[in-house]
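Down below is the structure, laid out as structure tokens.
By written order: A, B and C. Residues from 1 in each chain.
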Amino acid sequence: MTTTAVELDPAIKAYVDQQLELIRERQPDNRVTLVVFSGDLDRQLASLVIATGAAAMGLDVSIFYTFWGLSALKKRTTLAGKSLKEKLFALMTPRRPGRMPVSKLNFGGMGRVMLKTMMREKQVASVEELFDMARQMDVKLIACTMSMDVMGITKDELIDGVALGGVATFLGDAARSRVALFV
Amino acid sequence: MTTTAVELDPAIKAYVDQQLELIRERQPDNRVTLVVFSGDLDRQLASLVIATGAAAMGLDVSIFYTFWGLSALKKRTTLAGKSLKEKLFALMTPRRPGRMPVSKLNFGGMGRVMLKTMMREKQVASVEELFDMARQMDVKLIACTMSMDVMGITKDELIDGVALGGVATFLGDAARSRVALFV
Amino acid sequence: MTTTAVELDPAIKAYVDQQLELIRERQPDNRVTLVVFSGDLDRQLASLVIATGAAAMGLDVSIFYTFWGLSALKKRTTLAGKSLKEKLFALMTPRRPGRMPVSKLNFGGMGRVMLKTMMREKQVASVEELFDMARQMDVKLIACTMSMDVMGITKDELIDGVALGGVATFLGDAARSRVALFV
């Protein structure tokens, strides 16, 4: 069909293309953007199922981890150099999704064990496996710098390959996405 | 205005239509898609108010029920044929929205009773009424098959007229929606 | 480039413009719409960071406060004229974001104190400052009338400059937004 285009009067083509460009500027990319605010195992799981599902469908995916959600990106907790309040925060928030509590039926960790066992029995990928799949599928992982700053988390406490970004980074991706969700 | 179109040079019309088609492919339908993850009465209520409001405005609406949200679609709990863990899960999760706890001020069920009484006094539709309205307005209700599988919920424990679907079903609808929310 | 347009055959221009108009009708405005359902300090904070960030990027922003989220708009609690249940609700829900509990690590208010102290130390704007910034940046604040009605909250208990609206108001804004989130 592109051969038709070259036969057109250049003035017509220029007008059409210029008008279309104005429309295209506001069209979303084939992108899904998630803000993961929650540090609950079940919500983290939901976000990873959506992220890997979207990546498998050929969509570009960004996950912006903020507040309690940021725990998903922590590889270790470094107490040295932290203030007392930062140390307390660090000790009370989990490290990596596998240690997270569930939002319901928690019963001092029983809920997590039950959910994880049932997922394994049904051969559903665990949160750790989904997280690794997401990274292999080039899902862009972004740590919220404001949350890192408030909680006193440094870049070397985070897993490798994580981008750092603020609310403008999130909004830049979200405004060009077909789907943006707050989890 | 369509009469103008026939007078045009076919080459021009073909070029314009082809370019527009590329743009239309990425345009959303008049659709709203909700993922209902939460099993809290108040969040279920919020999702149904949005769903019925959108349907009343002429939008197509899909609600994708996942994780704890799936309880909204359960008509009964069948224990026979379930594993011990599945039985425990089934007994600890509520059946139908009317039995759900509220996310705040729960006080062992008092919050639910108070919220429901106040809604009745103010003649606001109850969650059961909103749910029935949603079905009458052709809101598409989809049960997440992965959640059913993990929790050991079978299709005959769900109310009639529910579609089954996975994350691809949800993303297919969400990517073509004007509004997609995670509740 | 607009000079090119006038040289075009009017029939061609009319056809192109008519087709483009159909596409533009479904294009979103440069708008972000948030539903704030939660009355937790941390979620309110996240919504205000997104709202002020979006406003700073030149986007129009609407925040629709519903259910527990509505507390953010309360300037005082008037008990006179309320039913017993409304009084109980009023006393048990916080007033203004600064009094709100956090969703995690609450420990009877300690979480709030810690989060607020750490934000102050890191010179991150407090929720009250962000709220004032949002208003100065013309972020549209809308109180959900159905929630006001159910909880027995009157307009004079709310801060000044708040618009009142229902689900149709929210959906009207959300359907024309580049990003719509449920917080």
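In this text, a residue touches a chain if its C-beta (ideal position, glycine included) is under 8 Å from a C-beta of that chain, and two chains touch if they have at least 3 such contacts.
Note that the structure is predicted; figures quoted are calculated from it, not measured.
Asker: What is the size of the turn, to the nearest 5°, that moves the C-alpha atoms of chain A onto the matching ones in chain B?
Answerer: That rotation is 120 degrees, given to the nearest 5.
Asker: Taking all residue numbers used at the chain B/chain C interface, answer same if over half belong to both copies and different if under half do.
Answerer: Here the answer is different, because the shared fraction of interface numbers falls below one half.
Asker: As a quick test, compute the distance in whole Å between the mean CA positions of chain B and chain C.
Answerer: Using C-alpha averages as centres, the distance is 23 Å.
Asker: Out of chain B, which residues touch more than one other chain, so two or more?
Answerer: 12, 16, 20, 23, 27-28, 180-182
Asker: Show which residues of chain A lie in contact with chain B when the two form their complex.
Answerer: 1, 4-5, 7-9, 12-13, 16-17, 20, 23-24, 27-28, 30, 32, 42-43, 46, 49-50, 53-54, 56-57, 59, 103-105, 114-115, 117-119, 121-122, 124, 178-183
Asker: Chain A touches which residues of chain B in the complex?
Answerer: These residues of chain B touch chain A: 11-12, 14-16, 18-20, 23, 26-28, 35, 37, 39, 66-68, 83, 85-86, 88-89, 92-93, 146, 149-152, 166-168, 170-171, 174-175, 177, 180-182.
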